[in-house]
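Both complexes below contain chain A, partnered by chain B and then by chain C.
Up next, the complex of A and B:
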């Protein structure tokens, strides 16, 4: 497939992924996190997902947002907090009753937006990058070959493990197994044992791969060349630099604000910056 | 080129040595086949030749292994690779890169070669294996035969002086296997490559072999030229190995000729026509009506309006190339997949049918063989006493009673297959579906398994690439190609039609080709032996 995300250099994708994770950590503003989630959604759309992929993402994030907001709204423990709805009055089942807190909803929304922006960016990178390109990208950023090869090979074989696990489930179903029909203990035992053939298959496959790469001369840590020339264009360098600058600036702003907030370092001339961080970040 | 002297190998913790007193030599440009019953140590011997056991294993190794005059202990891993290229059974587990080009480059990158050299060698290796057009293709989209040829290209790019191959065609359909064997023949005859090949499909490999090493229980019991082996097939018979069909026929007839191909065989006089076995067809048990199904609803359907019926007494062989839809049809028949349109009507009540998957290892998840066989009766709610009887009866029927307390994953491949079959059979299904039950099995094991099942079930349907097994054990052949039934009839109707078989990438055995030349409809050695005059 050829989409803007597919065409993007994997190192640039990794930079974007890193930048988004930094933003998710550093920013608390609902508006900015919302903007981050929109960027994540745009990146996801840019990799032209299939209908199945889109459905998977929408379904999983809807569940996540609902679960996060609902649980935070009910069990928010910080103060101040304001109940906006009472589900159970005090001393009914619980001493405090069950209230929905406005601050809890906000907190749940902030956490959800963090996860959405990171999740969508991660999905976009995974859906648009072949394992081989990942390997080249990791090598280009000086990850040792042995480590990068292991990580990428593990990713490459994940769909095979998923297919094999489906086959095991099918075999169990065809032999008459239905979860919980023979009691909880039996079910737990059977569910655990269903992993055995997949794990044994993984070990067998790992041995075969090891044998294959060893007989093609692979020695961990030995010097090796590369067929692929890892060129990084000026435009891509510029983008990486800009992203790095932005993240650096964000980090410095946030750090200065925290020093001011905890009364460790204050410079009157930086008051506009403190105000900016309070309002937007 | 290769010298092995008094080789002895014992794994740590093993009670007995895996290899005992093995000595042989292989000359430059020779193609030597190593064969023997499952578990006799063939692959271990090959792994001694490719250096992996010397360099990475804690096994105790005594004796000498020399490649091109150099002792294995004195060679580093990259040096062994430059001398001997290794190809294994499963191509899918040997490919690690995303495209064919990157895959071929992998070994050369390990040797720290210049980019220009790598490009040049990639061109040559892909051309030699007929994969030039697939250079930028993703490795997982290649067919099984193409993947195995790609593995060969990876090895050839390293310019080794010898090739060591461990059952490279066992998982391929006849077309894929033919591609690999043609390539090996070219490498030997044109490039003077030394080749050592572990394989039990002797019918396929003997035409290109110079010598055969026979192994039994870790020992080398015979080393003979191809001609010497063909002159006396008794060692192969004794070990229960797959015999080459035409030499087997001519030996049974007491003739001195040992042809390997139909064209090379002298014409024998036919005494009478083989009587066509047309059994009475029983009642319909399974009815497939106008079924439409595909892998993805966004793509084209694999089956469109497929209709067929399976009757009591049917022993059906489902033939077709990789990707023809054999496994999918079995899954539809078993109810594991639901058709998009149409219906599959099965007998009531449950359990109806039993399906043995292509990879029997994925059907084994219990701690012992007995537990495995007891799984289905337990989940069907069969009372403990009756279930116990059923389990013991099933273990005995499949010939694995003595393995009851062993862990399934510690068994040999043949034993694992029989355990998987037993775990399905113990559910007492009305009919049985088997997906490639012959892969990696000796003739004797296949015959024993199939004969036992044929006697016990109303309908047995098995998918296979093995035309010989189809001829021996089926009374009906379904020929599948790209989701369409090309032919459905008695073996003498379908297997006699070489053109139709070729369309489905299925190849007649040399015996079937010869019978066709004689104008007889005989598909097994026994059948042809009865109608020709010695």
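Up next, the complex of A and C:
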């Protein structure tokens, strides 16, 4: 498949992914997180997902957002808060009743946007990148080969695990297993037992892969070549520099604000910057 | 001699014609020469929106703003909780300049006597006093209170009341020679347990160039809250109310519950008077912003939390007259009092006192009775006392009144008024009185201008009485749970 995200260099994708995760950590404001979620959505759209992929993402995020907002709206404990809807009036068991708090909805939305932003970016990168490309990307940014190889191999294992776990579940179902039919304790015991064949399968597969790469003459520290030489163009360098500059500025602003907040370093001339961080970040 | 000159200047200001109002003007609008007999309606000149304070209003914090007319009444300076500082032309309705105070709120404003400089004080980590050009807003100098009063950690994002733990300019007034009197207060710690709080306060007299002429206490900031100060227009005598000590206070500048009189020229203490607590109902003496000095600097008016009000001779530091307007009375065996809140002495020598709603002394510490069984007969009343110390007139209209502003000739008097009833909600606004009209308080009431939201204790009256500015702030109506009113300033004739 050829989409803008598929064509993008994996190193650039990794830079974007890292930048988005930094933004998710550094930013608290609804507006900025909303903007981050929009960027995440654009990246996801740019990888031209299949209908099945889109369905999966929409379904999982709908459940996540709904659950997070609803739970925060009902159980928001900070002040100030004000109820916009009363589901249950105050009673003996619940002295405050059951209220939907506006501030709780906002808080839930902030948390949801943080996850949406990261999730959509992650999906966009995963759906548009082959594991082999990941390896090239990691090597290009000077990650030690052994570490990069293990990480990529681990990623390759994930769909295999999923398939094996599905097979185990199917077998259990065919043998008549139904969750909670024989009580909670029995269900927990059976569920833990169901992981055993998956783990054993993983160990067996790891041994097979180790044997396989050794038979192909694999030496960890040896120099290696690649058929595909990926060049990092000037435009891509510029994009990386801009993203790095933005994240660096964000980090410095936030750091200065934290130093100010904890009374460690304060310069009166920086008050507009502190106000900016408080209002927008 | 200086006083006579001052009165001449005032009378000239008062004699100057009121500015004309552009546009559609009601025939019953208040005019310069209007006297009793005709109906007078408030003419709205301008409504100035001040920003979004719904976060504060929903949290129960009345988002107040400070307003101040320039000496000629043509400009209005506005400072807000959100840190906006604006200069507005009252009659052209244009904003001349606007500044944003980052990480702080604008607390107090005043103009130099010639109107060329506007001074404004903030509450922030620094607690700066700024001097700015009235026409351009360009800052000429600034003075940092936190150097004396220390600073506190900036509040967290969601902390509604955090800004009040920072050092701030709690009073700021210019005197005739252009000097500036500043009261800086910093109170921080656990507000729910005021006995554990730390406090530092200090009074400053600054020159028009921002140099410190004197500080009081001279040795260092007072480890207590100096609640309020006031001085005569020439700045000859400064009266300071000394309040609650800090938890770590060893030696106070003045005992809690006393008034200190300072020589305006040197900042040296010339006298003090400690008010006796009204036992057995009150163990201590408390004040709000309830001190005013008359035009000659000879007399001060003071109101106490226990409901008593006083007129004191400043040269002798002695009580001349005592008024028990809101002092406790027994109703069904329960003591009920009404706090004496704001006071002012108008240039014509009339002294205005206010009493708040009825309350039970020390109700917080009681187990059962927290509400008065009946109203105090003098609660929510404006009492006006003549120069002879006798009550000249009173006014009571069912509202709670907050603060006074009088015109330079003493004729016009403005007060904020608010009434809250469980079924009817809030009725809030401002009342304007023509105090030179014959008759009692009701006969002197010119109008009440109502706002949709609520009012606090900030408004202003132009020196010549020609315009009124009222701050409206939104609140959550408990009946509908909806935000009611707007954060705006109403400017009226």
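Just a few scattered comments:
In this text, the second predicted complex is superposed on the first by the 240 of 281 C-alpha atoms of A that agree within 3 Å, B and C clash if a C-alpha of one lies under 4 Å from a C-alpha of the other, contacts with A are read in each partner's own complex, and residues count from 1 in each chain.
FYI, a contact is a pair of C-beta atoms (placed from the backbone, for glycine too) under 8 Å apart; a residue touches a chain by one contact, two chains touch by 3 or more.
Worth saying up front: this structure is predicted, and the values here are computed from it rather than measured.
Of the two partner chains, chain B is the only one that A:167 touches; chain C does not reach it. Contacts of A:178 after superposition on the shared chain: chain B is touched, whereas chain C is not. In the superposed model, A:261 makes contact with chain C only, not with chain B. By the touch criterion stated above, A:278 is placed in contact with chain C alone, chain B being left untouched. In the superposition on chain A, A:80 contacts chain C only, with no contact to chain B.
Within the superposed three-chain arrangement, the count of touched residues of chain A is higher for B, of the candidates chain B and chain C.
Contacts of A:242 after superposition on the shared chain: neither chain B nor chain C is touched. Chain A makes touch with chain C in their complex at residues 28, 78-80, 82-84, 102, 260-263, 266, 268, 271-272, 274-275, 278.
Interface residues of chain A, counted against chain B in their complex, comprise 50-51, 130-133, 149, 153, 156, 160, 164, 167-168, 170-178, 181-182, 190, 193-194, 196-198, 200-201, 205, 208-209, 211-219, 222-229.
Listed in rising order, the residues of chain C touching chain A in the complex are 55, 58-60, 83, 100, 102-104, 124-126, 144, 151, 153-154, 156-158, 160, 476, 481.
Chain contact summary for the complex, chain B toward chain A: residues 47, 50-52, 55-56, 76-78, 80-82, 85-86, 88, 90, 92-94, 96-99, 101-102, 105-115, 118-119, 122, 138, 151, 154-155, 158, 298, 331, 334, 336, 351, 354-355, 357, 359, 361-367, 375-376, 378-380, 409, 423-424, 427.
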